[in-house]
Amino acid sequence: MDLQTLQSRVFADIAQFIGNRRGYAFLARADNMVAVTNGLDHQDHELLQESIANRYPVTISIGIGTGEEPIAALEDATNQIQTVGSAQDQSRREVLAGITRKRTTSRDVQIAHFDVNNATSRYTDQLNAFDSFIVIQRAYATLMQHLREQYSGLSFFVGGDNIISIVPEITTDDYQEIIQYVASTAEVNLKVGVGCGSDAAEAGISAKYALETCRHREIAIHINDDGVNLSSKEV
Amino acid sequence: MDLQTLQSRVFADIAQFIGNRRGYAFLARADNMVAVTNGLDHQDHELLQESIANRYPVTISIGIGTGEEPIAALEDATNQIQTVGSAQDQSRREVLAGITRKRTTSRDVQIAHFDVNNATSRYTDQLNAFDSFIVIQRAYATLMQHLREQYSGLSFFVGGDNIISIVPEITTDDYQEIIQYVASTAEVNLKVGVGCGSDAAEAGISAKYALETCRHREIAIHINDDGVNLSSKEV
Amino acid sequence: MDLQTLQSRVFADIAQFIGNRRGYAFLARADNMVAVTNGLDHQDHELLQESIANRYPVTISIGIGTGEEPIAALEDATNQIQTVGSAQDQSRREVLAGITRKRTTSRDVQIAHFDVNNATSRYTDQLNAFDSFIVIQRAYATLMQHLREQYSGLSFFVGGDNIISIVPEITTDDYQEIIQYVASTAEVNLKVGVGCGSDAAEAGISAKYALETCRHREIAIHINDDGVNLSSKEV
Amino acid sequence: MDLQTLQSRVFADIAQFIGNRRGYAFLARADNMVAVTNGLDHQDHELLQESIANRYPVTISIGIGTGEEPIAALEDATNQIQTVGSAQDQSRREVLAGITRKRTTSRDVQIAHFDVNNATSRYTDQLNAFDSFIVIQRAYATLMQHLREQYSGLSFFVGGDNIISIVPEITTDDYQEIIQYVASTAEVNLKVGVGCGSDAAEAGISAKYALETCRHREIAIHINDDGVNLSSKEV
């Protein structure tokens, strides 16, 4: 259990550090985390790396990547680390590689926030805790693979019945296709709110409001066309 | 990100509390955690609940269940909480229900520890970080559903390429069927070490040694027939 | 600041571990902590040491001592570590030395809980934050030295205006002398509640109730003669 | 012990937040912390307050003050909170008052880093852990009061045998007077390194290097006249 505790605390510290600089961090495989760090500069990444090394019995390597599509940025980031050596090389320690990019537009980051329709009444209160967890994991595994293969997006389960995806600009029709695919393949009905911004915090809040709009209007898809929530498309 | 941090730290504290009493805790949905608490008594569960309430802005409800099979124990535990009210009722706060059982035999808990064959060389060093994560999540979603439906076991992803399952006593043939099912359905090759004990720590360590045996002997399944590792079956 | 964070978190973990086994831990010099671990056995101390080593970039040495008086127990504990080598020897790492003692009587641990009379109205709301802190530190430095030299007790500042002392059985007259000494030397008026028990948690709660009694009755000293608060002496 | 754990963790989080923005935070009374936040703006302070409220069962009030001398800045900060109400008013919650100031010169913050001469050989390895702690607390109580009354500086014990003081620009003769006062009053010999900078991190590192210079040259006082350590005065 010490390893579980250690992973959780390292993640909590990374989430705090990046989160209070307007980025988002995801636990992913736990020995391998993914973060959206638009707005952080090289020095910020270096400080995080140093601070973890000072306070934990482990060190972290950081690859920084950018790209038009989320998966391209992630591939760039992964390459920065993989070219230095295998994950199990003793010599590959505390790599910090790659180039940060300044904020450019108010649409630098796009986030889609998915959740399960009526999760509490349909699953949490009906099924035992494990069976409702299976439903959500099945939906997640299906969504993450489909969104990555068809749309180059990255999806992360963030607790409860919530999945947050880093996405390129895709259309309402695309989201309809995605939701139908998950419904037919994993037999789970999702809804989604979409937002954008110059950093992850702005895009994420916009997406969260969009998801609230879905709940109020009982619709499946709502896209905030800009961070300030003035116009929107829906289904 | 504050919510992510909070969930991770609450889990880290629960993992420490239960872990240093020889139990195992799993993050599961994060708003809903599952633990194997054989060996903890009612007062231990109460102390954990009180300590979380004292130090976090949230409270926890705990349902305690027992059963011949893992899923039966979990259903019992879930029922203890669900009968009090919906997860979203304001009045359902800090429930502590159910009855603990003393350690009875040296086989009270059975644990199967799965990992992915050659995960580092085949995935971590070859694919980008997200694509190797997809592979593992797909294996996990497949394994958790199959093991639950066919064998009444509970599986939890614990980071890296590791999945820990709480299982009833099943045979080497059963594990072979499970591994083949995951290989054909999710296209991922797993191996598994199995151990038992009077509590989760004992069973978990036995399972971990069994998995090491698989690595050394290049076999797919190893069952430690008892906690002290004297006899074993393999494939 | 990383070192401050590390010290605080290591202490928080030690306080949780020992606290939920009915002991008390004190930060002291931060690189050197003191705990009352009546009721914990050798294995408990070993588990704490191992768990810190697993999760932090530092290791801890633990000396365990017992004695009729608190200072004798502490000297025993310190000797266990000092005989192994200097605090700056590279080779002195993860020492675990000394012998635990089982709970014997309901009076094994005696705790005196001091606070400053009317601290909020007289200092916190009147003086700036630093000047009220000076007052409390002056009272603490005076009390800790006097109680140690005259009565062999150990005092620890625990935040706010609270000082917790591990004491031998001393009389109401002794406490009166102590309070007068601090009043004349440091110009701060203290009150004190005293309790005993078979472990630190029991004695500490009894002392806390005794201090509440002082507040209600507007008296300076209250001694709970037993853990269950049946009889008491006061001034 | 839950309260001790909570205080330590809240402090650890504040220390991390402020520390990785180049400020310094001190535990002080634990229910009342002091930080040097030169370089942080109003929004930073607000974010810290919000983040603590989101993750702990307590909220924090923040008063921000500035001044030519450290004590003046602290009085300003305290006033911002005290004018809103007593520390025990239910209505005084999450105050955020006062005005931040931008970095102005490379000498905005001056830090003096004191430690005890030969602490390990003279005290830690000779005395029991509590008696060496008494020595350090006595030195601290004496220094903090003298430096505040005579020189308007603020001193904080930061663990081990280290005291960090926020000071105005005072001379080598002043430091000589301070060290002699502590030696004659508390019978403890200190040495001190002094540094300045546009923020606490810069001044603190400069002071730390100055203290290292004292150790190497076996002198009692070393002042780095600028953050980049080009010239210096010594005794």
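Which chain is which? They are A, B, C and D, in the order written, and residues in each are numbered from 1.
The rule is simple: a contact is a pair of C-beta atoms (placed from the backbone, for glycine too) under 8 Å apart; a residue touches a chain by one contact, two chains touch by 3 or more.
Everything numeric here is computed off the predicted structure, so don't read it as measured data.
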{"item": "Chain of greatest Cα-centre distance to chain A", "value": "C"}
{"item": "Comparison of B-C and A-B by number of C-beta pairs in contact, larger one", "value": "A-B"}
{"item": "Computed distance of Cα centres, chain D from chain B, in Å", "value": "46"}
{"item": "Inter-chain centre distance, chain B versus chain C - centres from mean C-alpha coordinates, in Å", "value": "39"}
{"item": "Centre distance in Å when chain A and chain B are each reduced to the mean of their C-alpha atoms", "value": "25"}
{"item": "Multi-chain contact residues (two or more partners), chain B", "value": "2-3, 5, 9, 16, 20, 51"}
{"item": "Parts of chain A lying in touch with chain B, wherever the complex brings them together", "value": "1-5, 7-9, 11-12, 15-16, 18-20, 24-25, 27-32, 34, 71, 74-75, 77-79, 82, 86-88, 120-121, 124-125, 128-134, 136-138, 140-142, 144-145, 148, 154, 158-161"}
{"item": "Complex contact set, residues of chain B against chain D", "value": "2-3, 5-6, 9, 51, 53-57"}
{"item": "Of all residues in chain D, those that touch chain A in their complex", "value": "13, 16-17, 20, 47-48, 51"}
